[in-house]
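Some notes on the structure that comes next.
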């Protein structure tokens, strides 16, 4: 496929990423303006590079006709949360929206990948409007904690160095680090819950 | 109304302005990427200040219940074009979109206001999504040429100095300047049409 | 020159454009926060495309060694003003700054180009900081009114269609349009001065 | 101090934060364009709120005259790194720059605060240019890893709930979590160093 056609293909995906990042950032802002705790801490987005799309098509044996249906992460949005429990809250916010339709959910949080990767993935259908009219596209939303993101950022940068062929003993060390991260997230959530219980009990006493 | 309630009221309008400005800018970019002339040269937006909303409510005798229906420019977007003919092209692009519904059009381009003001206004209905769910709001889109914008920018800054009470002889001079601007726009369009006729005729000859 | 070297060459120019646009926008904001009239209405910037640099080198017979010294508009910033008199105010603000040094000024406002083009050009020396350390580069600042910008935007888009070979009778019509624009700017400034004299006299009377 | 004077005071600080964030982001981009590993992963910035400035003045007994000299974090920039070793690389990049002067360095990385807080702080002197001319201001740059940032983000949000009076047993749990984070950072760095040694040895063998 020549570059001009690629560009045309990617136009609605670029638009979708920009709109989605803006909408989730606005949601964070709306929480703050209403003095509510925001389960969203950070939002980023990207359109998959042409090279990565081609690699995925080859690896998964996807034909040109199936491209837009089967490469579901051409448009990708990442939402970072502070606490483990926020992940489900964000997922629920997304399920309730009327401007996107959830097609599939993949729970790599409770079902960690072998590598140690943890994230909650949602594939959505999202309508964009281009010069050629309305076009519905697929997008992938990844939801994870700051700690899971720390692990994933570093794992990605190391995988990149090994071009996917990381020696088993290093992979094992990374996977053990992922366990520590899970414990950290659990500990942080537990401290937080204790903080909130204390607050509620103080509130309760002051109301007696 | 207290400040917290105002903020809550304005949340979907801020969101709408951000989304609309982004969408029209993307339309400009899409023209360029497809090597098409873009009828959109510049896009800006703003949410009306609380003071201006209050003034309009008083002046037009609008009650709190009617606020969101009758103050139609709480969310405002301005699209600037190079040529007179582009205005209608932009209006048509808006009418054809499926993500906004045109409620009303006011043609101050062919029917200039007494002050000399020229612009094409469209009132649209636009769906936003907040923490409280889907909410449809009104927004005003103003479409005008660079030359009309030149006049309007300066008239606005002078009206501001006089707080709306400009002496009649100055108002008359501004209104005469508006006529010169209309002639300029006409002359520029005429030069442009001649350029395009010449191009087409060259193209025609080279195809013979 | 290969693309990687071009990119490396352009890094400090991109940085300079970003910094300069931000600084002049901040100057506009500072005027507003201090309740002063801002002579700056709009700021835009761009890095010259590789193609345009190559064309200029060929046309002006510039060697690779002279590139950075003689192509003075690789980094370009444009400042748009409301009124004719604002141009000199902006130029003076630039001359007084300690973070850039004016190398040359070209007054195409009082000395219009043959085409009808009007703008005030300043060539500055500006220090940027890259991974390789401090680097001083040249940048061009163009200052013009909204009306001059209207003319220049349209002239540029028509020149582009003719690839620089506009027929003389069209060029003449454009040049006549430039005269009308000069008169418009003069009329607008005169209205404004009358407004300000009236204000001052009112202020004077209220102080008696 | 009234609000208008505060605004005027903060103008150069806002400008400095915008410039610094842009400059460090550009540094990240420059690494990528030159195909170098970037020690900078993320950059954020903020101007301290008026309330927080007042609190600090009261707590540290700072008079109005000393405000700009002693409240050193009115302008604050945060640089997030992937790996522990990147912190020193970023600090060295800052020390070598000619557009900022390092006044002081506080190493809370090797000398953790009692709370468990880890970050490398640098106080710099930075020149800005306002309508009143050149003005040198102080700014604080915080450098930390993704993992340290994870801890600090959560600790800050819990401190906020307790308004600074966290019960000792919770503080102890947070401090223990900080130890785990230090071990995680060390483990990740060690994996990474092994990866790089392996790469170098492969490179060496292929050169024999």
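By written order: A, B, C and D. Residues from 1 in each chain.
Just so it is clear, a residue touches a chain if its C-beta (ideal position, glycine included) is under 8 Å from a C-beta of that chain, and two chains touch if they have at least 3 such contacts.
Quantities reported herein were computed from a predicted structural model and do not represent experimental measurements.
Colleague: If each hop has to land on a touching chain, what is the smallest number of hops from chain A to chain C?
Modeller: Minimal hop count between chain A and chain C: 2.
Colleague: If more than half of the interface residue numbers appear on both sides, call it same; otherwise different. Which is it for chain C and chain D?
Modeller: same
Colleague: By mean C-alpha coordinates, which chain is most distant from chain B?
Modeller: Between chain B and the rest, the longest centre separation is with D.
Colleague: Counting C-beta pairs in contact, which chain pair has more, B-C or A-B?
Modeller: Higher contact count goes to B-C.
Colleague: How many angstrom lie between the centres of chain B and chain D, each centre taken as the mean Cα position?
Modeller: For chain B versus chain D, the centre distance works out to 43 Å.
Colleague: How many Å are there between the centre of chain A and the centre of chain B, using C-alpha atoms for each centre?
Modeller: Computed from C-alpha means, the inter-chain centre distance equals 37 Å.
Colleague: What is the distance, in whole Å, between the centres of chain B and chain C, each centre taken as the mean of its C-alpha atoms?
Modeller: Comparing mean C-alpha positions, chain C is 26 Å from chain B.
Colleague: What are the residues of chain D that contact at least two other chains?
Modeller: Residue numbers touching two or more other chains: none in chain D.
Colleague: Which bits of chain B are touching chain C when the two form their complex?
Modeller: 41, 82-83, 146-147, 149-150, 153-154, 157-158, 161-162, 166-167, 170, 173-174, 176-177, 180-181, 183-184, 187-188, 190-192, 194-196, 198-199
Colleague: Would you mind writing out the residues of chain D in touch with chain C in their complex?
Modeller: 7-8, 11, 14-15, 18-19, 22-23, 26-27, 30-31, 33-34, 93, 96-99, 127, 129-131, 133-134
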